[in-house]
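Chain lettering (A, B, C and D) follows the sequence in which the chains are written, and residue indices restart at 1 in each chain.
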Amino acid sequence: MSDVKLEERLIHAVAGLLSGSGHIACGVLSPIPGAAAMLTARREGARVSIIGSELPAYRCDGGVELFDQAAQGRVDAFFLSGGQIDGQANINLHGIGAYPQMDVRWSGAFGSAYLYFLVPKVILFRLEHSRRVFPERVDFISAPGVSKPGVHRPGGPHALVTNLCVMIFDRGKGRFRLASVHPGVTAEEVRDQTGFAFDLPDHVPETVTPGAEDLALIRGEIARDLANPYPRFARDVFGIAA
Amino acid sequence: MSDVKLEERLIHAVAGLLSGSGHIACGVLSPIPGAAAMLTARREGARVSIIGSELPAYRCDGGVELFDQAAQGRVDAFFLSGGQIDGQANINLHGIGAYPQMDVRWSGAFGSAYLYFLVPKVILFRLEHSRRVFPERVDFISAPGVSKPGVHRPGGPHALVTNLCVMIFDRGKGRFRLASVHPGVTAEEVRDQTGFAFDLPDHVPETVTPGAEDLALIRGEIARDLANPYPRFARDVFGIAA
Amino acid sequence: MTRFLSTPDDLAALVPDGASVGLAKEPLSPIALARALIRRGARDLHLVTIPTASMVADMMIGAGCVRVVETSGVTLGEFGVAPRFVEAVKTGAVEVRDATCPAVYAALQAGEKGQPFVPIRGIIGSDLLANRPDWKVIDNPFAPGDPVVILPPIRPDFALIHALKADRFGNVWVGPRHELKTLAHAAKQSLVTVEEIVEHDLREDEAASPNLIASLYVAALAEAPRGAWPTAAPGLYPLDEAEIASYARAAKTPEGFAAWLGGLESTPRAAE
Amino acid sequence: MTRFLSTPDDLAALVPDGASVGLAKEPLSPIALARALIRRGARDLHLVTIPTASMVADMMIGAGCVRVVETSGVTLGEFGVAPRFVEAVKTGAVEVRDATCPAVYAALQAGEKGQPFVPIRGIIGSDLLANRPDWKVIDNPFAPGDPVVILPPIRPDFALIHALKADRFGNVWVGPRHELKTLAHAAKQSLVTVEEIVEHDLREDEAASPNLIASLYVAALAEAPRGAWPTAAPGLYPLDEAEIASYARAAKTPEGFAAWLGGLESTPRAAE
């Protein structure tokens, strides 16, 4: 299985997290979550909306209707990322330093401060696992990981997937737990690279390697569908011409 | 001028009341106001929306957009009617007797309880001038003629046009004033047929007879445009084939 | 995923007694669906009209399917009053929750958007407000001393919709009738009859995509040619004036309506 | 009535310094209009992005036209951060009012509908809310103990819109881009550039009528072929990746941006 690429393993791992979701929506800058959603669609019949896709089956303009669907409970899973993500699953899409004249300014919240509250299963995805990205406390809460009792919040963080590991978020405790590490990664390495405290079980399994059937789907139909709207990714990872 | 029909005189009178309105909207059951709006459009360049018209220039589905336009101050004049209308310009579109199990039940409020508040110049139009239609007090206020101070109300009643006369509403006093009577009608007759008190000037002029130019417009282009959506009216009054 | 069923009766079987059902004003009244609900003997429905209704509501009320009607107006238009509606209001057989069109649109849109309430101008001082304990007046939080009516969202259990066409993926073409989209979005699920199910993917024409109800919202779908008759299906058939006039005459009396209803029930599939 | 003007510069002349202007996200950014505003030396604009923005906002901010930017995100997407935006936020040259996309849509729709405020779920507990004194949290009047964020409506003085076509009556085709309709409805007036003005009445096709901005909303209109370039005009031209990459490189430094701007100003009509 040494020929399984990290991207393929992550696609498979995220698809595992998505299992049971009837409708999965994905942002445009996330080819791996998008591929994972497509894999879930093929395995379980999930409906997938990909912001920016021109394929009719996935088309979603990322506009008003997606937010309305989320508010009605019609979106079961979504992905968010962050320039920083902390141990309470707070995400920061605004920047580093003191707001408003931050030392480093990023783009802004986009839909996060809404969707994070309303989509039952939000998966956080970030390929740079470092103390810089995962501090003890974010500099700015673009969207909070947990809310006080009484706040209408059917949704929230479910898991964090990185280039090193998969963590599961416990909403009751407001805390991550290391669920698996990718091949060649140790729990210690994850701890060293993470700025926030998290639960560390005695035994941490390796992130499951996709089987032949899933690999065939990923490298075949899904890679082809991914070329729209992710032509570069489809080319670089799967050698698919745009 | 004995060949001027009542309908033509009313169209002309209503057009006079509409003067200065940039955008006039009309409901589907009102051919005379519709024709008056078309006359104002031809005389002053007013924009006219007629609910139910299939002519692109007038098309208006009577749906959400009309209400939104009214709320934004983009509709200057509109028409309402009532099964009953009283001296405070309250209109009743619900029925006679004690609500809810009324002795006579009509259709309901439609958009009146909204548009009456928001359209600056609402013209009340009813071709049956009688004590039955114009009681001292309506049995049910579908939409009130006046509002308490503090209530957001840029709009309201401007005039009442009937088969006998034209009355102007004074919003400050909350009271109608007889402005003109149609040829052959006396102020006494209006008072006898009206169940509510209203201001009666010493001299009440006759409702102005349309001039040759306006009559030509009404009987020509306007009659033709009226056939959609008012085929019966265009046929019965102007002899226009549908 | 959208279920494809054979007849309007199959759709009507999905609507339990006591459900709230929303339907939009003419044209394209869901008459075939309403006939199917009458045939199945539906009871105690909470009918929400978007924002008004005509014959379709009158026949359902006359047939005893409806307990509550939430509406801004029920009328047969140029064919006169809605006789069974008027009678049922008078006798108390239906409870009427009178509204005004923009309030229905605003509350439906709040349902679509998952808003917990929605403010609306106007209405204050009307007897509508006095008779809607579910509506409130609050002070505008941005301008104290400015009273504003707020409405709860409308989210019917079912949207009942007739449309010209749908594709085999469950996407429904509504053309310019965007209130049908709002209704489908706000309702918990939509039951749709169409004149025709087409083979190609209606989403392929991206410019037309805003004129579709996405299959996400469509629980079940059945073909019902002439399913809006005698109301109009623009582009396919006009309003059948003679038929509606005949209904208006028959429905004036309980006996006349019973006879009309008997004709309907004895020929269950005649209209389809 | 809609005024037909010759160039984007004629439209830009209608926008006074200090005005609030709304523009929608890509594709179809109103680049020609933004260039014209830069050429006329507009200052102190309050820029509202629906709900996010890319190069069009960055260039206006870099050129010093903007005092306040109300946005859910400014980025050049795959071409990286929006360099002039980032710099102007850091130096305080622009005041940023950070929002989240659905809040912008909800507030814009409240503007369209003349609602005095609009409730929205989510947001509570974020630093967005902490930094928006114009947003409030109230108790849900229908469910005490349920805190809800409420927003004031957005009604920009001007909507700046580029579209594929308009007719000679002033009706503007937006196809599936319904947020452009909402923007035009919410704004006090709309200034529109189009690729082409067509001779026939766009309202004639009733099925397409919901995909139009009615002339009622369009204060002034000018033809501007390639007026969205280098952003895409779907169906006519794609995103010009090389040009945007070149902008992204130039705008990294004040000097590079000044050079880019100089090229723009010295050839006032080159882009049209």
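Going forward, a residue touches a chain if its C-beta (ideal position, glycine included) is under 8 Å from a C-beta of that chain, and two chains touch if they have at least 3 such contacts.
Bear in mind the structure is a predicted one, so any value in this text is a computation, not a measurement.
Asker: Which number of steps is the smallest that gets you from chain C over to chain D via touching chains?
Answerer: Graph distance in the chain contact network comes out at 1.
Asker: Which pair, A-C or A-D, has more C-beta contacts?
Answerer: Output for the comparison: A-D.
Asker: Could you tell me the distance, in whole angstrom, between the mean C-alpha positions of chain B and chain D?
Answerer: 40
Asker: Would you kindly tell me how far, in whole Å, the mean C-alpha position of chain C lies from that of chain B?
Answerer: 30
Asker: Please output the residue numbers of chain B that touch at least 2 other chains, ranges allowed.
Answerer: Those would be 67, 71, 118, 152.
Asker: Check each residue of chain D and list the ones that touch at least two other chains.
Answerer: In chain D, residues 113-116, 120-121, 146, 148, 176, 178, 206, 209 touch at least two other chains, as defined above.
Asker: Which of line, ring, star, complete and other names the graph you get from chains that touch?
Answerer: Drawn as a graph, the chains match no named shape, so other.
Asker: Would you please name all pairs of chains that touch?
Answerer: A-C, A-D, B-C, B-D, C-D
Asker: Touching chain D in the complex: which residues of chain B?
Answerer: 23, 45, 47, 54, 56-57, 59, 65, 67-74, 118, 152
Asker: Once bound in the complex, which stretches of chain C touch chain B?
Answerer: 51-52, 71-75, 77-78, 81-82, 85-86, 89-92, 95-96, 98-103, 105, 120-128, 131, 145-148, 176, 178-179, 182
Asker: Hey, which residues of chain B end up touching chain C in the complex?
Answerer: 29, 61, 63-64, 67, 71, 93-94, 99-103, 105-118, 140-144, 147-148, 150-152
Asker: Which positions of chain D touch chain C when the two form their complex?
Answerer: 106, 113-121, 136, 138, 140-143, 146, 148, 150, 152, 175-176, 178, 206-211, 234
Asker: Show me the residue ranges of chain C that touch chain A in the complex, using the header's touch definition.
Answerer: My answer: residues 1, 112-116, 169, 185, 201, 203-204, 206, 209, 214, 216-217.
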